[in-house]
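A, B, C and D label the chains in the order they appear, each numbered from 1.
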Amino acid sequence: MSATAFNSIFFNRAHSSNKDLIKQQNVKSRIKCSIKSGIETSQKNVRVGVLGASGYTGSEILRLLANHPHFGVALMTADRKAGQTISSVFPHLGTQNLPDLIAIKDADFSDVDAVFCCLPHGTTQEIIKGLPKHLKIVDLSADFRLRDVSEYEEWYGQPHRAPDLQKEAIYGLTEVLREEIKNARLVANPGCYPTSIQLPLVPLIKTNLIQTSNIIVDAKSGVSGAGRSAKENLLFTEVTEGMNSYGVTRHRHAPEIEQGLADAAGSKVTISFTPHLIPMSRGMQSTIYVEMAPGVKTEDLYHQLKLSYQDEEFVVLLENGVIPRTHSVKGSNYCLINVFPDRIPGRAIIISVIDNVVKGASGQALQNLNLIMGFPENLGLSYLPLFP
Amino acid sequence: MSATAFNSIFFNRAHSSNKDLIKQQNVKSRIKCSIKSGIETSQKNVRVGVLGASGYTGSEILRLLANHPHFGVALMTADRKAGQTISSVFPHLGTQNLPDLIAIKDADFSDVDAVFCCLPHGTTQEIIKGLPKHLKIVDLSADFRLRDVSEYEEWYGQPHRAPDLQKEAIYGLTEVLREEIKNARLVANPGCYPTSIQLPLVPLIKTNLIQTSNIIVDAKSGVSGAGRSAKENLLFTEVTEGMNSYGVTRHRHAPEIEQGLADAAGSKVTISFTPHLIPMSRGMQSTIYVEMAPGVKTEDLYHQLKLSYQDEEFVVLLENGVIPRTHSVKGSNYCLINVFPDRIPGRAIIISVIDNVVKGASGQALQNLNLIMGFPENLGLSYLPLFP
Amino acid sequence: MSATAFNSIFFNRAHSSNKDLIKQQNVKSRIKCSIKSGIETSQKNVRVGVLGASGYTGSEILRLLANHPHFGVALMTADRKAGQTISSVFPHLGTQNLPDLIAIKDADFSDVDAVFCCLPHGTTQEIIKGLPKHLKIVDLSADFRLRDVSEYEEWYGQPHRAPDLQKEAIYGLTEVLREEIKNARLVANPGCYPTSIQLPLVPLIKTNLIQTSNIIVDAKSGVSGAGRSAKENLLFTEVTEGMNSYGVTRHRHAPEIEQGLADAAGSKVTISFTPHLIPMSRGMQSTIYVEMAPGVKTEDLYHQLKLSYQDEEFVVLLENGVIPRTHSVKGSNYCLINVFPDRIPGRAIIISVIDNVVKGASGQALQNLNLIMGFPENLGLSYLPLFP
Amino acid sequence: MSATAFNSIFFNRAHSSNKDLIKQQNVKSRIKCSIKSGIETSQKNVRVGVLGASGYTGSEILRLLANHPHFGVALMTADRKAGQTISSVFPHLGTQNLPDLIAIKDADFSDVDAVFCCLPHGTTQEIIKGLPKHLKIVDLSADFRLRDVSEYEEWYGQPHRAPDLQKEAIYGLTEVLREEIKNARLVANPGCYPTSIQLPLVPLIKTNLIQTSNIIVDAKSGVSGAGRSAKENLLFTEVTEGMNSYGVTRHRHAPEIEQGLADAAGSKVTISFTPHLIPMSRGMQSTIYVEMAPGVKTEDLYHQLKLSYQDEEFVVLLENGVIPRTHSVKGSNYCLINVFPDRIPGRAIIISVIDNVVKGASGQALQNLNLIMGFPENLGLSYLPLFP
């Protein structure tokens, strides 16, 4: 749907009741206020809901939307903080004139065009099942990422509650599945680790440049990936000035990664995947150790990645020899990649970095909603990294 | 000068030589490229130079300009890194297509409309003296902040080298001196501490609500304020997990602050000013302890600040009782302020926070250049804080 | 009581039952094991209990005791973690052979000589009231710090539950009240802020060198001061890379500080006290702004502090002009102090730094128990700061 | 040599001149003072020099020696800081009464029994060559770690300048080469990465439980490993809140690790080794991905490590399933290890953590000098980790 087409729909909701009109005006006035400090734009004509706006992926959506020329925030939910202002929950958003938080049961979606679903894993299937069908949905939880619902049950410990929706869901790895996403109604936004790992590996597996056995991924993440819930092990005092592996062999992102790699390979793939918690808020690096196919050299990997991503804005292969740093993507939607020879002949080392909250979550989600809505993919994502 | 007027000048540089034309085209094409990931805009019609682009204030200017609809980067200088690409100096800017760094002596300013001068204190007077007169200049160094050149000599240990320019320079505390700045050719951009301290105090002094004796400022700054030069005391290992006062009674921002407060008071002011180095990259808080004038209450202070800043976008008085946090301004141009009663009767505590690199440096500088060029003050500054 | 006398008591507990003997042997063997990696010592003949061993002050007591030649850990309580090993609660102590955590109701104090009480404020009065009278007690909570029980009620929101014990309690500011502490049975260990503030101010007030009006304390603390309970505002992501004031004018340490200063002054004292949360685990700095008495100079303050602390091991006045840093005390029991002239004539700036967990809590507590037990004050406290 | 024997030597240096006696007395009195806050001990009868005391490994030696019952600091060198007090170079040691820093050319070693050599790589061979032969030496640089001097030349870019000494040098991986170290005069103290990697791998390779091909080490280090020299890339602002790989395939510790593993295997070993810089001061984790020998299970690896290290104080195999954390060793000499199954059948994941400054440098150095001098290996090393 083009932006122009969309506008006309927006301005011709003929069947609105008076009460609806008043509400609609409230929403519009709020949206108008909400861009007080945003970029100059004639209007925000797509109305977006943020479900679960009291977590970090929700607040990041709000940050990005402030500079989006078309997407305005129509409603925000947070069940446990219903009734609160956004400034009481996220003081850094307090300068914006955003609607107050409401309970999801009180949300009126009749005026809403699309939602970002930023709710916890396990609770999302039921909620999305209950949403009106006119809504476009980008779901940032893991609830619709695994096509095989039995695998969902195995890793998440409960039966899948919306298997029909699962069939409809499109996996939102933008650069890999762009065309499918454009036509989706429900996008399952990828996990942060899976994004950072699949982006470099999928093209190399598809072109048979690397072996799919013995792929070893040593991944490192900032703490924001664990969300905002108050847990002892995430306290500043417990995290700062130290690091540790976690979820060794049992991290829930493993089946999601393997699903994507298997799609690329056309056969089952089992990887070694060990995440590490690093004392930083944002940032994710995957250091990936691979065996190359016989006769293949690291230069071949480099050239393939160059080829695959040369027209992409957000996936960038660095110059030969330059090591990606998470500092270089903080707050931005970029994924930086490079390839290095290993000391062990026949092996290569691939490094990719993203901001786990942006390209690994809310940024890619916005990229996907832009696609669904027919807008340029990069709207609202033109943030350079914040450094230092 | 209005934006429209400016455009016509830009497109009618009739006297360009062929060589100039080629260069101009290069510049334009570069500018075009440089906004690859910026907001969509028909053109960037004001050409800006960044002198001293290898430091943190320079790189922050570049970050902000990426989303400016009119200012394009025409040239960037860094004498010790001349010939290098920006990505080798600031990897986080490597996705942008910016011109390579050049030595300032090789800069051709004939096509440039304005410069941000991000050079070290003490070296800037000579350089600005040598710049063409058609350039608008925002100087981020301390070299033109003190009106009294003898005071400059006292605090900076060398005679002022451009006393005539000093007379012309306008102090760039935007919200306080907006009208003067609009007509300025050379703006002396305020220091970070002075910005965070004068913004809350100037209105209160002007209205005689607080005493000008015994103003005690306990200020805290992130490490980026010390710049990017390699010094042992700024190493990660020396800074993390600890803090300290520095420059006790001798910090060079003291006379700058006192100059501004004296202007507001109409008489000499001497303050107590103790800065502290905090283990964080960005952020600055000034905790200011004042004696109120007889009969004045903290509510009076609050109301005056409300009145003074109610129409300002970037200076925000928080709701009653809410404590400003530096987290809430990181990466943004906001200054958050609040006022609290003290346990000691007759005294009040004022807290203000800014991002020292944005409102305390490059953000305010851009705000000022917007004013000079006749654009809306907030162009390129619509960044919400990055949190977490 | 001398160490020798104590030994004889220890080895002649004639009335132990068989069951007691077995338990005692268990305790002793555990103690023996617990010093596996401790300093070499013939035996640990004083048996100490740690009540509330699952918090940071409790674990710090355990760290310090590992190198104490006489104090062995006989029991450790933690009601919510009863039954767990110390390594499951504090992995960094897992190399030590310490007793498992038990519920306080299951603790048998008959073999115990002394306890450190590291329980939360508000719960401690009842518990200490119920302890056997032969126990020496150092209480690290705030429950016995305020002599005036009505003041306790005012600041802590509940009536004092052990007013008789309050009368007996000695305030444990070691260097100021050493002689009283030696004869105490119950010591109320000072708060961290009160320690860092009273140590420099008490001698200056006692000698009338500074005014007691308009004492302004801007204090900064690491996050460990807030303890180990899981709260959203203490998450790594919420704390790192930012800072804020908290408890402005309402921090519960204010009356404790004012009580100590009033004792020194012989009259009521009201101070301005604003604490700040700094993104570091340990460390505390108090920057104190004072008015000197007429005719007094900063040199006089310096000399008085020199005089007061010249024989103290743990309170150190730095050389003239040297700024104390919290880095210089991390993990140690030192308090470093210095005095600086202010820009405002007649005023001075005093800076003191401590490790809030050591001198501000567990270290001073051990210093106090050493005194009570008749041992050299510094036993178990010979840790140099950990840097970097 | 026993401690008693050593004492008698110490007290019978019959040939001392008068001048020497005075100096000796000065040294002794200084040593006496230096333990002001150390553990109580009758005397410090071994006199130790610290060459290169202005770096982090030097200062850490000083921290550890403060609680050593026998080793006193007789002299400290730092050529560029000669004449300065230790407090001006390391304020955290300022409470100790240590000798001033001198230039190495001015050091009189006649009264010194042993030295820790904490000088930069490349400069150490010449200096050690020039030291008196009666000195016991633990060298913390890399200059004597590679037995093959041609390999040294290849990796360090300059010819080895003391090949004869190289033949004499014993590699100081304490738990592996204890008996050889006892009789050494010159110990080449292992690098931090090699320590953390060899300790878990050597026993497994020796017992043929793992393949020596395809050993992949993803290592993470705190910033202190880079030393105290002022470099832009080590600034707080450049390090905090981000991470990166470095020295990919080219880190100088690779040949050292491979040398040790080859010794264990009896054949050449080539490993994949990628270090990462983590935003923390101290701490090192090696995540090691190995292929097990046919039929071997992770339980076998666990049991072998249990067997190998059951009598060791400082190398600790954690309980089954417990993940080692660098937090758990900060400031201590421990190495914590554990073994985990991999998702890929036949592979295992081994995790080891150390404090790079202690077990990875100065702590192991002291362990080695204890051995050489005939003292219990753990003297001066009884520090529990500092947490939080």
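Here, a contact is a pair of C-beta atoms (placed from the backbone, for glycine too) under 8 Å apart; a residue touches a chain by one contact, two chains touch by 3 or more.
Computed from a prediction, not measured in an experiment: that's the story for all the values here.
> So using the touch definition from the top, which pair is joined by more C-beta contacts, A-B or B-C?
Spelling it out, more C-beta pairs touch across B-C than across the other pair.
> At the chain A/chain D interface, shared numbers over all numbers used: above half (same) or below half (different)?
Because over half of the interface numbers appear in both copies, chain D and chain A meet with the same residues.
> How far is the middle of chain A from the middle of chain C, if each middle is the mean of its Cα atoms, in Å?
The answer is 47 Å.
> Between chain B and chain C, what is the gap in Å from one C-alpha centre to the other?
44
> Averaging over Cα atoms per chain, report the distance between chain A and chain B in Å.
The answer is 34 Å.
> Can you list every residue of chain D that touches 2 or more other chains, as numbers and ranges?
Touching at least two other chains: 56, 224, 237-238, 240-241, 279-282, 325, 327, 330, 388.
> Would you pull the chain A residues touching chain C in the complex into a rising list?
56, 223-224, 228-232, 234-241, 279-281
> Can you check the complex and tell me which residues of chain B touch chain C?
213-214, 216, 218, 220, 222, 237-238, 240-246, 248-249, 254, 270-274, 276, 278-283, 285, 287, 289, 323-327, 330, 340-344, 347, 349, 351, 353, 388
> Give the list of chain A residues in touch with chain B in this complex.
36-40, 56, 59, 62-63, 66-67, 69, 87, 90-96, 224, 240-241, 281-282, 313, 316, 318-319, 322, 325, 327-332, 334, 376, 378-379, 381-388
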